[in-house]
Amino acid sequence: MHEGSSALTLVLGGDPALYAIVGLSLFVSLTATACAAAVGLPLGALLALANFPGRALVTVTMNAFMGLPPVVVGLAVYLLLSRSGPLGFLGILFSPKAMIVAQAILVLPIMAALTRQTVEDFWAEYRDELTAMRVGPLGRVATLLWDARFSLTTTLLAGFGRAAAEVGTVMIVGGNIDGFTRTMTTAIALETSKGDLPLAIGLGLLLIGLIFLVNAAAWGVRRVGELRAG
Amino acid sequence: MRPPVSDLPLVLEDVSLLARDVTIVRDLTLTIGAGAPTVLVGPNGSGKSTLIRLAMGLIAPTSGRISWGGRGESDGRRRAMMFQRPVMLRRSASGNVAYALAAAGVGGDARPSRVAELLAQVGLAHVAERPARRLSGGEQQRLALARALARDPEILFLDEPTASLDPAATKAVEDIIRAVAQSGVKIVMATHDLGQARRLAGEIAFMLRGTVHACAEAERFFTAPATPEAAAFIRGDLVI
Amino acid sequence: MTTRRIFLAAALAVGLFAPALAQEKSIVVASTTSTQDSGLFGYLLPIFKQASGITVKVIAQGTGQALDTARRGDADVAFVHARAAEEKFVAEGAGVKRFPVMYNDFVLIGPKDDPAGIKGTKDIVAALKAIREKGAPFVSRGDRSGTHQAELALWKDAGIDIATAKGPWYRDIGQGMGAALNTASAMNAYVLSDRGTWISFKNRGDLVIAVEGDKRLFNQYGVILVNPAKHPNVKKEGGQAFIDWLISPTGQKAIADYKIDGQQLFFPNADVPGA
C-alpha cells in the first residue's frame, strides 16, 4: 500500500493491495463463520434436545470456550499445522486455509453455545406439537433450527464479528504475508508497528464500516424474511 | 399395503400419574371404543388434559396399564392431537400443513393436493400463503385441526379446542369436528363447556379430582347423572 | 435451508483441502521485522519475481522466532541478523550454509531533551552506562531478535549485567522494532534500533538519533537455506535460487539501490569474507 496515503484515498483510488486485503478478510471470516455454523448449529441444537450424563459439564465448557483467547487458538493451530506437527503433511500453514480453520475453531463455541440457548427456548414452545406429530430427533433439530432462523442470525453475526475483529489467530497461523495472508486486522497491526498511525486508524474505521455493512445486510435479510414468514 | 392395525379400543386400567409427590390422576379406568365422540367434562384441574396426554401416548403413567387395540405398545401413527393453545410453525398456513403431512410420512408428490384438500376442509383455503402466526385465534385453531387431520388419524384428541374462541369461531370449529366424526374418525375431546359437550358428545366421561367419576352415553348423563357430584356439575355448581 | 448450508460447508471443506490445482512457484522466507518494516522486501521481491518467476512469501518475525520457524520446517529460507544464532543454526544441522548478504548499523534513538546527556557521543558503551546510571527510560525489544541480541551484547560490553541491573527504567516489551519505537516515542525513552526501520518509521514524536557511528553498532545480515535433509518439504531449488540472487551482483546492486528520502538503508557485502 502506498506510504503516507490515507485509508480513504486508497479506497476511493481503488488501490489493489487494499482491496485484496479487504477481500481476504471477508473471505476468511465469512468462510470460517459458515464452517463453524455448519457444525455448531446442529451441535448446539442437539445439546439443547438431548439428555445425557455430563450434559451440564459440556454446556458449561461450551459457554466458557466462547471466550477462548484468539492468540491461544492461533498458537494451538500453529503447532498442529507446523511441518513438525501432527498435521504438517497438509502443508497449509501460512495460508488462508489455515486462517479459516483457526477462526472456525475460535468461533465454533459461540455458534454452539448461543444456538443451544435459542433452541432450548424454542423447544420449550414446540415440544408438545413436535412430540404429538411424532417428529424424530433429526427432524426436531432441523425444524427448530429453521424456525429459530431469525434469532440464529444474531448468533451468526456474533460469530462473524468475533472472527472479523480478531488479529491474534490469523497473525500466528497466517504470518501476515504481504499479498497472501494479510488481512485488515494484521494490516492494522503492521501499519501501527511501522508508526503510520493515521493509516492504521483509517483501516480500522474501514474494518468497522465493513462489519457494520455485513450486519446491516443481515438485518435486511431478516426483516424481509420476517415480513414474509411471520 | 400393511393390514390396518387399530388403536381401538383404547383401554386405561387403574392408571395413576404422580409428579413430584403430587397425584395428578389416580386409579383412572376408562375404555374408549369406536363410534361417536367421547367427551371428557369436569372442573379445571380434574385431569382431563392429563388423561388425553396419557391416551395419546405423550406421557407414560406411573402405574397402571394403557393398551391400544389390545397392545401395550403402539407407535401412534394413527393418533393425532390438537392442543388448547396450538403452536404455529414459523411458516405459511400451507407450510404448516405440509410439515404435518411430511411428518406423517406422506411423500412429496402427494403433498400439495393433500394440503389443498385439508385447508379446504377447515375453511382456510383463502389464507393458504399467509404466515400462520398472523392468523386469528380461530384460524390458528382450525389450522391446528388441519395439521392433526393430516395424519389421517383413527383417533383425534382435542384438548379444549375452543376455550379461547369467540362464538362464531367456536361454531366453525365445532362444525368441522362434527363432520370429521361423521367421516369415521374417533373423537376424544376435553371441554369445560357443557353446552359444547351436549352438542358434540356421543359419550360423556365426567372427571373429578383426577379420576373418572361417571361415564355414560350423553343423553343418559345429562338426564340421569349417576352421582351427586355429576348432577351438581351439570347444574352449574362449583364442584370441589 | 440447514441441509443446503451443510452441503455448502462440506463442499468448502473438500475444496479447502484438495491439493492446489496450479502449483505456483513460491517459497517461504522467515525474516526479521527490520527487513519488512523498512520496506526493503517490498522493493526487492518484485525484482526477484521478475527475474525468476518465484513468489517470495515473507513471514516477518524477530530473528529468534524466525530461526525457530525455520527449525520447524515451516520456512524454506531464513534471512536474519544475529550471526552467533545463525552459526549455531547451521552447526546444529538445521541450516545448510550461512551467506552474508548486507549490513546496516544500529542507532541509539532517544528523546530530544536527552535525559542521560549522551547526545552526539560516538561511544555506545559509555552511553549505555550513562543511561543506566541516570536511570533514564530505556525500551528493550526483549524478543530474542537480532536487535535484542545486539542490545544484550552491548550491555555486556559495558560491563553491566542487565538481568540484575535492570530497574523500572528498563522496559522490556517483547515485541518487534516498530512496536518498540512506538513505545519509546510514547514514553520518551531510549531504544536501540536498526537504521533502516528508523528511517522509515513515521511516529517519531520527540525521538531523534542519540548515538551513531560506533563500530560496535555494526549489524550484519545473513541468509541460510533450511536443511532439506531434515525437512524434505523444503523447496531447495527455489530457496537456493533466492539466496544465489541475493548474493549475486544483480541482487547486491538492488539492495544498494533501495533508498528512502535519498538515504541508502542497507549496504551489500556478500563479497566480504568473514562478514
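Chains: A, B and C, in written order; residue numbering restarts at 1 for each.
The criterion applied here is as follows: a residue touches a chain if its C-beta (ideal position, glycine included) is under 8 Å from a C-beta of that chain, and two chains touch if they have at least 3 such contacts.
Quick caveat: nothing in here was measured; it's all calculated off a predicted structure.
Common neighbours of chain A and chain B under the contact definition above are absent. Distances from each chain's CA mean to the overall CA mean are smallest for chain A. In this assembly, B is the chain whose CA centroid lies farthest from the centroid of chain C.
Distance from the chain A centre to the chain B centre is 47 Å, each centre being the mean of its Cα atoms. Averaged C-alpha coordinates put the centre of chain B at 79 Å from the centre of chain C. Averaging C-alpha coordinates per chain places the centre of chain A 33 Å away from that of chain C.
Shared interface positions of chain C, defined as residues touching 2 or more other chains, are absent.
Among all residues of chain B, none touch two or more other chains.
Shown for chain A are the residues that touch two or more other chains, namely 146, 149. Those residues of chain C that touch chain A in the shared complex are 1-3, 5-6, 8-10, 12-13, 16-17, 28, 33, 36-37, 39, 41-42, 55, 57-60, 72-74, 175-179, 181-182, 185, 200-204, 231, 233. Against chain B, in their complex, chain A makes its touches with residues 125-126, 128-129, 131-135, 139, 143, 146-147, 149-150, 228-230. If you check the complex, the residues on chain A that touch chain C are 3-4, 31, 34-35, 37-39, 41-42, 82-85, 88, 90-94, 97, 100-101, 141-142, 145-146, 149, 175-180, 190, 192-197. Across the complex, chain A is touched by residues 56, 58, 75-77, 80-81, 83, 86-87, 89-92, 99-100, 103-104, 130-134, 147, 151 of chain B.
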